[in-house]
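In this document, chain identifiers A, B and C correspond to the written order of the chains, with residue numbering beginning at 1 in each.
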Amino acid sequence: MHKVLSLKNVSYAYPSSEQNAVTNVSIDIEAGKIYSIAGINGSGKTTLGLIMRGFIPKIYHGQLSGEIRYNGKEMSTQSMDVLCQEIGYVFQNPFTQMSAAKDTVFEEVAFALENLGVNPEEIKDRVTGTIRLLDIENLKDKNPMELSGGQKQKVAIASVVVMNPNVLILDEPTSQLDPVATKEIFEIIKLLKQRGTTVILIEHKLEQIAEYTDELIIMEGSELLVAGDTKSVLETTEYSQSSLEYPKYYELYKALNDESIEPFYTLEGMSTAIGGKDE
Amino acid sequence: MENKKSLYPTTKFWMLLFMFITIALVPGYKYQYAILPLVLILALFSGVIKQVTLNFLRSTFILCIVIFLMQGIFYPGETILFSVGFIDVYQEGIMMSLSLTSKIVAISSLVILFFATTKIKDIVFSLEKMGLSPKATYVILSTLQIIPALSAKSETIMEAQSSRGMETEGNILVRLKTLLPVFTPLVLSSLEATEERVLTLEARAFSSTAKRTQIYTVEKRAIDYILAAVAIIAIILFFVLRGGL
Amino acid sequence: MKKGFKYDFTLLQILLIPTCVALSVVGYQISQMLKLPLYFDIAGLSIAALLGGPWIAALTAVLNHTVNGMIYPTALPFMPVSIAIGIQVGICANKGMLKGPIRTAIVILLMSLIGTIVSTPIVIILFGGVTGSTTDILTAAFLQSGDDILNAVFNQTFIVGLVNNTLNLGLAYFIVTRISPRYLSKTNYGSKFIKPNKKVYDLDGEVK
């Protein structure tokens, strides 16, 4: 498969910090899959996302080493304009993701294309197409600042998807949303995958994402702990030693398949379930 | 789109410039005072009479009343116009007040009318067309979006704090102390928001070197060219007839 | 560190302008809601000056008066007053003049003096000595006691300015020292207000 992003021995420390936020990470991102970067707070997952987008080192300075390639080309040689269109980035906070300069959702979604100097007729076509795709046509004349969190997040995704990016990175896009809005955002992510977009999700709750994700990348203490397809990562001993919890349904699945656990309907099994063996 | 089309912002600018020049230079106060009813009539036809009247009363009316009081009483005059109790009101002070307030009322009401009938979006569009940088126009538009958002947030904080028993009444010191738990979180959260907004803007190609395009446009119509030309000619004529600057 | 006009206009610095204008407007609204006799209407400007430096503060002043002027046109002529104060506070803060009570007092004194010098001619020539706020009573009192209009307005503006500037700058300083060091270190002038021994958080919430 085609490698869109490829990191080799990448380490990074924020300015005025002696400690690495990311240490010696090597990973290949293959086109058309959904990846999830998971880890507890402080594991370096957001920083890894910023590196994959090129925000580090273009916006954040500090110590960066290693090799980062986008489509085989050295990331640092790519211009910001190109990176904007190739790699979309959606952030956590819906409120700060509105440009705060546009008074309709339609114009909000058009903002990036205006900045890139796309001709107005083409902008209108692309915006219309994007808001139809994400099913937010009903919001088109509303003021983006007055939307709910979930609506804002959808507009934020639309504002990036309108550039037709090859890769879309989303940093905890649902952490501030209710379950209904969360479900809708994940449906959008699935839809984008079907259209061939490579999706990289940054999450700390595996509960929701394991269902959608093809590949898991587990970060722990600034290092990449383990990576691979979701099921095999969950089965590794590295994962069991990580600070992350297992998704509930995975625990259930394991329990159902674990023959060493006494069936609940035996007396012994019940006593185990209630309070452990009395030895 | 709207049915009632507004004039292009620069057309209004030329007309305003003519008005401001004549207000400043025409002697006396009758011409200046005649502008207020004119503004009110225009406001009535534009459907903004309520807003214009309210803003005028709040910003200008009281100020002018105080000018009359202060100048009438304290202007070093000789001719006593009338006396109220032991206070003498001088004619010179009243004349001075008429001269000052007529200009204030005229200019102020015109400015209020201009902003009540002109979309900031249109003004900003014309400014960008004249060469103002997209960063500058962003700052203007963003300010107008952030003010109501922050204002709503401050009300939420106020309500939350007063339900927790915060004092909004009481003596000055108590109320002054109340300011901190309301204002501090507002500042902190809005400043940290700017940090995230930088990334949002960068992710939307805000720093792109491409020549920016705009999907929102305002067109100049024939009437704009005519009115702007009339205003410019009127300015020139005014100075010619007046005999120089 | 690089200095100069252009260096001050990074994206983060530019975004300070709308935020601080909004803070000034909301500061005014809150003071009205709390029925305070003095207005926290330059708290936003002071914050802009402390974090963004003199030029960002000057632009904040321009925009602040323009926005106010849309509804209260009589605020427009006072734009130069705020510009001057913004630049002065920005320069003073940058020169480390906000350290210690004596130096801070000098900054407030300077603020009030500059504000008064710029504003007095505007008040007298355009508005006949009247500002339209309750503090006009003070001007009237000075006039009554025999001052001429120039002295009366000058004294009134200076006294009101002293109180107002102390409160506004005080509030701004109080808040700025509570901003996260991570944010302060990214602004061009804010790093002076980082308190030592405070924990630093990066984007991942890591404690350094």
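Quick notes
The working rule: contacts are C-beta pairs under 8 Å (C-beta built on N, C-alpha and C of every residue); 3 or more make two chains touch, one makes a residue touch a chain.
Small disclaimer: the values here were computed from a predicted structure and weren't measured.
Comparing the CA-atom centres of all chains against that of chain B, the greatest distance is found for A. Among the inter-chain contacts, the highest number of C-beta pairs connects B-C. A separation of 21 Å divides the Cα centre of chain B from that of chain C. One inter-chain figure worth recording: chain A and chain C are separated by 42 Å, centre to centre, where each centre is the mean of the chain's CA atoms.
Centroid to centroid, with C-alpha atoms defining each point, chain A and chain B lie 46 Å apart. For chain A, residues touching at least two other chains, in rising order: 100. Chain B has residues 138, 142, 145-146, 149, 193, 197-198, 201-202, 206-207 in contact with two or more other chains.
Counting partner chains per residue, chain C shows two or more touched chains at residues 18. In the complex of the two chains, the chain C residues touching chain B come out as 9, 11-12, 14-19, 21-23, 25-27, 29-31, 33-37, 40, 43, 47, 51, 59, 63, 67, 69-76, 126-132, 136, 139-140, 143-144, 149, 167, 171, 174-175, 178-180, 183, 186.
Partner chain C is touched in their complex by these residues of chain B: 55, 58-60, 62-63, 66-67, 70-71, 73-74, 96-97, 100, 104, 107-108, 111-112, 115, 135, 138-140, 142-147, 149-151, 154, 158, 168, 172, 175-176, 178-180, 182-184, 186-188, 190-195, 197-198, 201-202, 206-207.
For chain A in complex with chain B, the residues that touch the partner chain are 53, 55, 59, 80-81, 84-85, 88-91, 93, 95-103, 107, 110-120, 123-124, 127, 143, 145, 156, 159-160, 163. Every residue of chain B that touches chain A in the complex is listed here, in rising order: 121, 134, 138, 141-142, 145-146, 148-149, 193, 196-217.
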